[in-house]
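The first chain written gets the first letter, and so on, giving A, B and C; residue counts start at 1 in each chain.
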Amino acid sequence: MSISIRGVSKRFGDFVALDDVSLEVPTGSLTALLGPSGSGKSTLLRIVAGLEKPDTGVVRIADEDVTAHAPQDRGIGFVFQHYAAFKHMTVWQNVAFGLKIRKLPKDEIRERVARLLELVQLAGLADRYPSQLSGGQRQRMGLARALAVDPKVLLLDEPFGALDARVRRELRVWLRRLHDETHTTTVIVTHDQEEAMEVAETVAVMNRGRIEQIAGPIELYERPANEFVMGFVGSVNRIGDAFVRPHDLELSPVPNGTTREAMVMRLVHLGFDVRVELVRDDGQELLAQLTREEAAALELAVGQIVYVRPTRQTTFAG
Amino acid sequence: MGVAGHRSRERASTALSLGFVTAFLSVIVILPIAALVWASTADGSAGFWDAVSSPEAVAALKLTLAVSAVVALINAVLGTITAWVLVRDDFPGKSLVNAVIDLPFALPTIVAGLVLIALYGPRSPVGIDVYGTRVAIGLALLFVTLPFVVRTVQPVLHELDAEMEEAARSLGAGELTVFRRIVLPNILPGILSGVTLAFARAVGELGAVVIISGNLPYRTELASVFIYLRLQSGDRAGAAAVAVLLLVISFAVLLAVGGVRRLATRHERA
Amino acid sequence: MRRARRHGLRSIALGYLLIVLLGPLTMVFWRTFEHGFGRAWDAVSDPYAVHAFELTLIIAAIAVPANTVFGIVCALAIVRRRFPGKGLVNAFVDLPLALSPVVVGAALFALYGRGGWFYGWFSRHGIDILFALPSMVLATVFVSVPFVAREVVPTLREIGDDQEQAAHTLGASGWQTFWRITLPSIRWAVIYGVVLTTARCLGEYGAVAVVSGRLEGKTETATLRVQDQYENFNLPGAYAISLVLAATAVVVLVTMTLIRPSRGAEGGTGFVGGAPGSQERTA
């Protein structure tokens, strides 16, 4: 069940949310829409869901033009950032909702809901109300509810945004495993670059209503299409027109050809890596990333003078 | 002025304020009500029963309860629609309409009765004359109860998480289903408390109906008018008996509203 | 499809309001001046009418301050103090909202009329309660008891007593704290409640109709005079006085709409606040 978005634009008053956006999402894939707030990613997702109407453009789901269709006629599953739990219904009733309104036989509903609750590990909480659940549990319920109706595509709008960091990480892993099992075409919206890279096969980076690049995580990181993508997906040093990744900065204790002198301002030990904040002799601030061993070998300390040069850099035309 | 001093000062001021509150409430509310209950039994329980079961009293009570129930139900539907339009829709002059809803609260009931008869009485400019009919009573009661359901539903509707409706739609629910299964269960407490308050108000209304209904015994005489007339003719025990019935209804309404509130918050209690 | 439904609902709501509310109201203007400005003016300026307005204002001038003081003290007691029987206090404060004004009048008859508990004492001292000002004041106070208290209670709850505790630690006495800290913090709730109370007092009809005897020039308020004029077939007179009362009501509405933003209330003017007894939430 592929998704095809062609030439979609949307404005809210004077604000251009989406500007001629096109995207193809292959069947069974897990695609992320990544971008800062205001980039249009949620709007795009909601247009695919039918919760917003585009000003121009065509949306096709499973090869059917659904641009004029209401959300209830698109066969989608939608998961909301703030869960949108039916607070007057139990967990069981929430998950069964989509099946109930399709008038499926009671036995089938019971069986499917039980299976789904197993899948999302909420089996013992079927009779609780959403207000009695934690955020992570509510979101798992939201996922089960969306999956219950066997959607053609699964759409997740910043699903883990309202959760704390540890739960977020757990649910990311869990979502990936779920997708491996169900193979439902999935699109996830997120502003968290780490989340997109970890979960998705394909990432569409968005900025100000446009798609900047569509690629897999590795290509996005190694061959960014422009400075926005490079800066958004991972940290980067901007030296004049050139962009250098922190781990592409080489530090040595003695001058060596093209190296420049720099002073260590701060050392941050992040477990396996060490982040080094430097100021070059001309005032340029730099961020370097070394492994623990490299840092130890250099005997780095605050205030120390080192010699730095990029081993790799990228420039963008225009 | 140690802790002990402060504690005893606090106890003293609590006693003082409680004393004032009790005294005020007693003089103003509790004693008159108690006296009323007492007076209703002045002729013994037989007298009470006779007063309450006289044909005219029964007719008045039946009419009052029936019309009030109908009016409460009409309010439930039209009041909810009005609240919906005020919260979800937008049109020029909406804030004016919103403010006008409260007019029946601010307007003296006798004036309400007068204006209703001006429009729907013998000299009606639109040719509708319902003077002396039960329709007139219904109309008058609709006027004075208009704000209740609207104002109790509005805040609940406003608080409603619109994403729940979006979620329901994404799961395939049609608009009617969304309303029936998602919106309605969540605004029901608001509707119920508005309906019970409207019912209580309708049952007790005098000013709005006293002109337009014609007060014909057995046809358009309401319980409130019956009590009024009984008092005027000196039958205080009889008036008190029927008044006590209305009092019981009022207390029942207060209990019902409290119960509705508990119903509304039941999903929030672990 | 959506648009048609939206317009449909809008028409139903507006049509309903027009038939029940707005249509009748425009009639007041028309009927008042139907027979000329002169007759209308006569009706509101004749001595009995003037007395009626004065009486209405006198009653309000007594009832509003009484209920304001009560409302504030009662709200403070409910929110800040612990005592047995809070539920009962709540119930009795809310009772006037659900009670028929005629029942109020009948209750006053039962207490102060012949055979009533207080009848003996007052008649021995030559004080008329019923068919005189005292019962009219008592009736008006009864029906307007809830408003200030119900406005102040949620505000007090929301504010919490942090500020008051701070004042105590800085050495302020109970009275000073109340005057300088508590009262200013509930200022808008009190004002709002006072406006509601005043509107209720000015517009009261049923309870006062029962206890006053409706004696022209003696115990006739403005609302009672409207009925009197109507029954005496002086329709322009009745409408003229109604117009004054309706205009007052509009002024009240406008005032409430202007104050409402300071109150942060959504939806309405607060005559129907939360469900009664909503003060009684678990602390």
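We take it that a contact is a pair of C-beta atoms (placed from the backbone, for glycine too) under 8 Å apart; a residue touches a chain by one contact, two chains touch by 3 or more.
If you're wondering where the values come from, they're calculated on a predicted model, not measured in any experiment.
Engineer: Going by the touch criterion stated earlier, list every chain that contacts chain B and also contacts chain C.
Structural biologist: The shared contacts of chain B and chain C amount to nothing, since no chain touches both.
Engineer: What chain sits nearest the middle when you go by CA atom centres?
Structural biologist: Of all chains shown, the one whose C-alpha centre lies nearest the global C-alpha mean is B.
Engineer: On a CA-centroid basis, which chain has its centre farthest from chain C's?
Structural biologist: The most distant chain relative to chain C turns out to be A.
Engineer: Could you work out how far the Cα centre of chain B sits from that of chain C, in whole Å?
Structural biologist: Centres of chain B and chain C (C-alpha means) sit 15 Å apart.
Engineer: Counting only Cα atoms for the centres, state how far chain A is from chain B in Å.
Structural biologist: Whole-Å distance between the two chain centres: 53.
Engineer: Using mean C-alpha positions as chain centres, tell me how far chain A is from chain C in Å, no decimals.
Structural biologist: 58
Engineer: Where in chain B do residues touch two or more of the other chains?
Structural biologist: There are none in chain B.
Engineer: Under the definition above, what is the set of chain A residues touching chain B in their complex?
Structural biologist: Of all residues in chain A, those touching chain B are 49-51, 70-73, 75-78, 80, 82, 84-88, 97-98, 101-102, 129, 131-132, 142, 145-146, 148-149.
Engineer: Note which residues of chain B are touching chain C in the complex, please.
Structural biologist: Spelled out, the residues of chain B in touch with chain C are 6, 9-10, 13-14, 17-18, 20-21, 24-25, 28-33, 35-36, 38-40, 42, 78, 81-82, 84-86, 89, 91, 97, 99-112, 114-116, 118-120, 125-126, 139, 142-143, 146-148, 150-152, 154-155, 158, 175, 193-194, 197, 200-201, 203-207, 210-211, 224, 227-228, 231, 236, 239-240, 243, 246-247, 250-251, 253-254, 257-258, 260-261.
Engineer: Okay, in this complex, where on chain B does chain A touch?
Structural biologist: Checking each residue of chain B against chain A gives 161, 163-164, 166-174, 177, 181-182, 185-186, 267-268, 270.
Engineer: Can you name the residues of chain C that touch chain B in the complex?
Structural biologist: 5-6, 9-10, 12-14, 16-17, 20-25, 27-28, 30-31, 66, 70, 73-74, 76-77, 81, 83, 89, 91-111, 113-117, 138, 141-142, 145, 168, 174, 199, 202-206, 209-210, 222-224, 226-227, 230, 238-239, 242, 245-246, 249-250, 252-254, 256-257, 266-269, 271-272, 274-278, 280
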